[in-house]
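Pasting the structures here.
Paired with subunit B in one complex and with subunit C in the other, subunit A is shared by the two complexes that follow.
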Partner chain A sequence: MTTRSTPRVLGAALVAAVLIAILSIKLNSFRDYQIAEIAIEVTAVAGLTILTGLSGQISLGNGAFMAIGAYVTALLLLHLNWPFYLVLVLAAAITAAAGAVVGVAAARLRGPYLAGATLLLGVALPSVAYAYTGFFGGDQGLDVTFTTPAFLGANFPLTRWEAWVCSAFALVTLVLLANLGRSRVGRSWRAVRDDEVAAALAGVNVAAARVLAFVVSAACAGLAGGLLAIVTGLVAPGAFTITLSIALLTAAVIGGLGTLPGAVWGSLVIVLVPTYATDVATSHGLSSSVASNIPLAAYGAVLILVMLLFPQGIQGAVRWLLGLFGISSARDWRPSDVSPVQPREKEGTQ
Partner chain B sequence: MKRSNRLRAPALAVMAAAALAVAACSSGSGASPSPGAATGTGTSTGSATAPLTASAPGITPTSILIGSHQPLTGPAAPGYSEIAPASAAYFAYVNAHGGVYGRDIDYKYLDDAYNPTQTATVVRQLVLQDNVYAIFDGLGTPTHLAVESFLNAQKVPDVFVASGCDCWDQPTADPETFGWQLDYIREGKILGQYIAQHFKGKKIGYFFQDDEFGMDGVKGLDDEIPSSMVVSRQSYVDTNVNVAPQVAALRASGAQVVVSFSIPAFTALLKLTSLKLGFSPTLAVSNVGSDPITLSGLLESFAKQGGATVNGNSLTNGIITDSYAPSLGDAANSWIALFKKVHDQYDAKAPFDGNVLYGMGVAYTFVQAMLAAGRNPTRADLVNAINAGLPQGPLVAPYAYSMTDHDGVTGAYIGVINNGALTPEGPVLVTDTSAAGAITPSTTAQPQAPASGIPAP
Partner chain C sequence: MVEFLQFTLSGLSFGMIYAAIALSLVLIWRGTRLLNFAQGGMAMFTTYIALEVIRHTGSYWAGFVVALAAGVVLGAAAELAVVRPALGKPELNAVIITIGLLILLEGLAGIFYGGQYRSFPAAFSVIGLRVGSTPLGVSRFDVFVALAVLAATLLLAAGFRYTSAGLRMRAAAFNATVARLSGIRVARVITVGWALAGLLGALAGVLVTPSTFLYPNSMDSIFVFGFTAAVIGGLDSALGAVVGGLLLGVVLSYAGGYLGSQGSDLTALVALGILVVVLMLRPDGIFSGARVRRV
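Right, the complex of A and B next:
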C-alpha cells in the first residue's frame, strides 16, 4: 500500500481554497451561490461515493440524511441561536447517529434489499415533517436566518460568504475522507467490499466496517443538509424528495464511483448542466413546454453518454486522458486502489 | 514508491479544470446593475415627454425585465404550467400595442419543479445574475416562502404571488411582497357560508391539503360552518397519490357534502376514488382545484392510467365552487372577450381555461401597476404605486391593496359547474380575513375592459 502524505492532500486543498476564493470574488453573486451549491453537493456526494465505492453498500436514502441535518440545523438555529459552525458540526454528529441506526440494519442486507430499505428511508422520512407540523412547520417548513458576520463589513455579499462557508466545509470533508480512505479503516472497507470472507479471515470486523461506512456517509449528508438549510434559508419537506437521493447517487456514478475527484465532477454536472441547459433553451425561443423539459433531457443525455463512453465515470475519463499524456500517476489521487467496476483488479505494488 | 512524487500535477489539474468549468459557465452573463440604479432618478415620473431612462435594475429605455419561478415540470405542472405562458401572451399583446410607456415587457420565467430548493436557485439567478426589475407571480406557497425574505432583503418588488396564502399580507415584515388571488381564508368563509345556508342539517366532511393552503381554507370554513355539522376532517399530502384511506373515512362518517381544498390533481383523485368506493356526496371544491377544463382532462387521463374510460365533463357536473374571475362561459363579459382575443392570437396552443384566464388577469394587473409607477420608475415606485391602491380590473371584486394591506382581491361569487363551464349562483360577495368579519354583497360593479385591451395610465 502506497502511503501518500497528508501534507500533499492538504496542499491540494489549499490550492483549491485559493482558487475558489479568487473565483468567488471574480464571478457575480449568482455564480457565488452556485459555488455554494456545488460545495454542498460535493459534501453529500463524497460521503455517498465512499459508502458505495469503497464499502460496496448502496444507499438511496442519503437525501433523508440530508433532511435530518437540515432540520437539526434549522431547529438549533431557531430555538438556541448557537453559532452556525457549531450547529453544523452538531447536525453532522446527530445525522451520523441516525446513520449508525440505519447502518446496523443495513449491515444485514445486501444488494437490492439494501437498496429497497434505504429507498424506504428516503421516501418515508421527509413525511415525518407532515406528521408533526407544529414542530417541523409542515409543508411550509422552517425559516433559517443566515447573515454575513460583522467583521466582513456591511457590504460584503451574502452569497460570497455562503460560497466560502460551504467550500470550507466541503474541503475539510474531502481532506478527512481522503485520509480516512487511505487509513486502516479505508483498507478494511475495500477488503470487505471485495471479499467478506477473506476480510473476516484476515481479522477485519465485517459488520463494524459496514456500519462505520454508513456513519461516515450519513455525517457527510447531514453536514450537506445543514449547509443547504443555511444557504436556501428554508427547510421544507418538498426539498428532500426521493429525486434528491437519486440525484446524489447519479452524481457519484457520473463522476466516478469511489473517487473523491469524481464527487467533484459529478456535482459540477448535477448543478451546472440544468442551469446551462435552461439558459440555452430559453435563449433559443423554444416554446415553454419544450424549453422546460430540455434540462431533464440534457441531464439524461449526459448520464447515458458518460455511462456509454466512460463506464468509470468522468474521473475514469480524466485518468485515461492523463494516461495519454504519460501522467500515469493520475490514478493515485483517489482513496480507492481498486475500481469497483473491476473488483478483482490487483495492484502490483503491495 | 516512485509514483508518489508525481502526485501534485494531477491533483492541480483536477482543481484547475474544476475552476475553469465554473468560470466558463459564467461567461456572457455578468451583467452589472444598470447605472440608473445608482444615480437614482428618484420618484420623478417626469412629464409625458421626459426621456426614458434606465431608472432601476432591469429597466432600460426600451424594456422592462421581470422574472418568475413556475412549476413547468413535476407534480404541480398539470394546469399551472399554462399560467406563465398566458401572462407572456398578454405582455406580447401589450408590447405589440405600444408597451408600457414605450417599453417592452420581457418576461423570463424559470422552472422550479415546485421544489423550494430549486426556487431558491432560480430566483437568485433572476435577481443576482439577470437583474430583473421585479419578481412577478411566483407560484406556490412552500416554494415562494423559500425566497420571500431574500427578495425583501434585496428590496426587489415581489408582486402578485400566485398563492392564496394569507402569509403574503405582512406589510411591515415583508413590504415588497403582495398577494393577488383571493386568499384561502376569505375563500373558505364565502364557500362555508353558502354550505351552511344551503345544506342545513346535512353532514359535512372536509378534504384538504395538509399545508397552509388547506389549513387556511379550513379556518375560513370553520368560521361559517357550525362544528356540529362537520363529521369528518381528512387531510392529504401532495406527495402521496393514494387518497383511498381518506375517502373511505369520509364515506364511513356518512358525509353528505364534501368540501375540498385541493389542487386539481387531488380533486380528480378524490372524485375517482369516491366513484370506485361507491361514494357520491355533493362536492364543493375551492377555486384552486376546480377549473372545469383542467379537471376534466385530469379525470380522463387518470382514469385511462387506471384502465378505465370516463367522461370528464359529466364527472365535474354539479361541483360547487367559487370564482373571483368572470366565468369563462360568459362570452358577453368584456374581459373574457379581451383575453380570448389575446389567447387566440398569442397563446392559441393552450386550452382557454381558468389557468390561462389567471395568467392574463395577473399580467393585466401588473401592467396597471407599472403604469401607475410612472414613466421612469424605481423599484420603490412600483411598491408605492400598489400601496396607493389599484382600480378594479379583470376580477369581480376590488383589491385590498393599501399601505397596511397586501392582500389581493377581496371577494368571489359561488357557482356550479355545468357541462364544463361555471354557472354563477348569486351575487359577488366580499369579506375580510377576520373570523367576525361580515360577508356582504359587493357594492361595486365590475368595470368594462378597455377597448384597447390595455389599462389606462
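Right, the complex of A and C next:
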C-alpha cells in the first residue's frame, strides 16, 4: 500500500503545483490573493480533519492555534530578521508544542466536553492580545512586512508570490499528512477512534495517539496562521474570532470529514461561496446592508443543504459520482471504509 | 466587604442568564444528544422581533410575550425542518447544521434589521438599588432577571416532575427505544423539548440585551458562556446547568471587578481556567452520574 500510494500522492501534488502556477499567472491579483487564502485554509483544515476525522477528537479551537502561529511569525519577523520560511517552520513547531499541552489536557475529555473546552480556548486565547497591549499590539495588532525576493525581479506581483508560497506550504503539508495517515500512526488513530478499548488491547498507546493528533493538527494550524500573517500583513486579535474556529470545523465536515481531498473541497466552499454571493448581490444593486449580509445567509443555507443532501460531505458525493462511471477512488479513511465497527461511545465525535 | 457583596450580586444576576442558556442546551442535549449552536442566534432573532413589536405597540410586555412565543415556534421549527432529517447521519452533520442555522439567522438579521447596534429597553429601572446609602450593585431590573429565570426553571422542573407530559419527556430522554415501545411519541416529545429550549433562549435574549446591545452577533459571547456553564455542570443535569451558570457568573464578576481592566479583557481566559479545573476533576461535569463504559 505505502509503496504504491506515495508516488500517486506526489504525482497529484506536482500536478496541482503546475495547475496553481498556471492559474496564478493567468488570473488577476485579487484571484491570486484568493488562491493564497484557499491554500491557508486548506493547511489548517487538513490538520483539523486529521484530528477530528482520524483520531475522533473534535476541536472548536483550532483558530487559537492559528493565532499562536500568526503571533509567533509576526514577533519573529519583527524582532529577528530571519528568512520567512525558517520563521514559518519555527511557528509551526512552537504551535505544535502548544498543541501538546492542549492535547494532554484534553486527553480525558470526550464529545461535547471537549467541544466546550476547545471552543472556550478559541475565544480566550486571542483575548490575551488585548490584555498585554505592549507586547502584542492590542486591538491594532502587529504589522508584518513581506516582500517578493530579489531574484524574481522588481515587477513580480506580490500577490502571485504569496499565492506560490502559501500553495507550496499547503501542498507539502498535504503530502506529509497523506503519508502520515497511511502509516502506523494513522492506523493507530483510526483504531483509537473506532474503539478505544480494542485499540488499547491491541497494544496502541491510546493517550499518546490522542495527544499526537493534537500536536499534528496544531502544527498545521500554526503554519496556516503564519501564512495568514504574511499574506494579510497584519496580525490582530480580530482575525481570530470564534467564527474562524467554527469555519475550520465546518470546512472539514462539509468537504468530507477525515479525507484530505475533502479538506480542499471544504476550503473552496468557505472561501468562494461568500465571495461569489457578494458579487451576485452587489451586481444586482442591492443596498449595502442587504448586500453584505446575503453572502452570510447564503453560506448558512449552503451548509445546511450540503449536510442534508450529502451526509458524507462533498468528497462523498465525488466518490459516488466516480463510482457511477466505474472508477474507484483511492481508499481513504472514512469509518465505513476502514471497519464495520461503529464507535462504541455514543458521544464519540460530537 | 461591600464591594464583595456588589460583585457577588451582579455576578448572580448575569449568572442567571448563563444558566438560562445552559438549561436550554441541556434540554436539547437530553432529548437529541446534540449541541445546538444556533441557540444564541435564535435568541438574538427573537429579541429583534420583540424590539419590532415594542416599537409598534409601545408595550414592553407585548414584546416580551411575543419573543417567548417566537422562541417556541423557532425552536420547534428548527427541530422539524433541519435537525430531524439529519439524525441517523454522521453525528457531526447535525452540529454543522445548527452552525449553518446560526449563520443563516445572523445573515437574515443583518438583511432585515441592518448591522448597527440598537439599544433594547429594560422592564424595570436599571438604576442601582441602595440600602441606606450603600449601593448594592444590582438594579430592580437585575432582580427581575434573576426572578424570571428562577421562575422559568422552577416551572420547568415542576413540569418535568409532576405532569405526565414531563414524565414522557424524562422517559424519552432516559431510553428512547423503551419509551417508544411503551407508546410514547418520542419524536413529538423531542420537538417539545426544542420548543421549550427556544423559549428559555428567547427569555435569556430579552433579559440580557438591555445590558449589552442588540446586533446580529450580540448573543455569541453569551452563548459561549452559557455553553461553558452547561459543560461545567454536566450536560445531562438541569441542576448542573443552573449551578454552572451561577458559578461562572460570580467568578467572572469577581475577575472583572478585582482585576481591573485587564480582568475584563481576560474574562474568557478566567472562564477557561474554571472549565479546565472542573473538567480535570470531573471530565463529565460536576453533576455527571457515574461514567459507564461498555467494553
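To be clear about the criterion, the second predicted complex is superposed on the first by the 324 of 350 C-alpha atoms of A that agree within 3 Å, B and C clash if a C-alpha of one lies under 4 Å from a C-alpha of the other, contacts with A are read in each partner's own complex, and residues count from 1 in each chain.
Criterion: contacts are C-beta pairs under 8 Å (C-beta built on N, C-alpha and C of every residue); 3 or more make two chains touch, one makes a residue touch a chain.
Worth saying up front: this structure is predicted, and the values here are computed from it rather than measured.
A.B. asks: With the two complexes overlaid on their shared chain, look at subunit A and say whether subunit B and subunit C clash or fit.
C.D. replies: With subunit A as the common anchor, subunit B and subunit C collide in the superposed model.
A.B. asks: May I ask you to decide whether A:149 touches subunit B, subunit C, both, or neither, giving the answer as first, second, both or neither?
C.D. replies: Neither partner.
A.B. asks: Which touches a greater number of subunit A residues, subunit B or subunit C?
C.D. replies: The partner with more contacted residues on subunit A is B.
A.B. asks: When the two structures are overlaid on chain A, which partner does A:113 contact: first (subunit B), second (subunit C), both, or neither?
C.D. replies: The second partner, subunit C, only.
A.B. asks: Would you sort A:268 into first (subunit B), second (subunit C), both or neither based on which partner it touches?
C.D. replies: Only subunit B is touched by A:268; subunit C is not.
A.B. asks: Pick one for A:130: touches subunit B only (first), subunit C only (second), both, or neither.
C.D. replies: In the superposed model, A:130 contacts both subunit B and subunit C.
A.B. asks: Applying the touch criterion given at the start, work out whether A:292 contacts subunit B, subunit C, both or neither, answering first, second, both or neither.
C.D. replies: both
A.B. asks: Between 98-106, 296-304, 404-412 or 440-448, which run of subunit B pushes into subunit C after the superposition?
C.D. replies: The overlap with subunit C comes from subunit B residues 296-304.
A.B. asks: Both subunit B and subunit C touch subunit A; at which residues?
C.D. replies: Residues 127, 130, 289, 292-293, 295-296, 349 of subunit A touch both subunit B and subunit C.
A.B. asks: Using the touch definition from the top, list the residues of subunit B that touch subunit A in their complex.
C.D. replies: For subunit B paired with subunit A, touching residues are 1, 3-4, 6-19, 21-23, 25-26, 29-30, 72-73, 81, 84-85, 88, 108-111, 114-117, 120-121, 124-125, 128-129, 141-143, 145-146, 149-150, 209-212, 237-240, 349.
A.B. asks: Provide the residue numbers of subunit C that touch subunit A in the complex, in ascending order.
C.D. replies: 29, 33-35, 37, 82, 85-86, 89-97, 99-111, 114-115, 216, 220-221, 224, 227-228, 230-231, 235, 262, 265-269, 271-272, 275-276, 279-280, 283-285, 293-295
A.B. asks: Applying the document's contact rule, which stretches of subunit A touch subunit B when the two form their complex?
C.D. replies: So the residues of subunit A touching subunit B come out as 2-5, 8, 11-12, 15-16, 19-20, 23, 26-31, 33-35, 37-38, 127, 130, 133, 138-141, 143, 145, 159, 228, 231-234, 236-239, 241, 243-244, 261, 264-265, 268, 272, 275-276, 278-279, 282, 287-289, 292-293, 295-296, 318, 322, 327-330, 332-333, 349.
A.B. asks: Across the complex, what residues on subunit A touch subunit C?
C.D. replies: My answer: residues 52, 58, 105, 108-110, 112-113, 115-117, 119-121, 123-125, 127-128, 130-131, 197, 242, 246, 249-250, 253-254, 257, 289-290, 292-304, 307-308, 311-312, 344-350.
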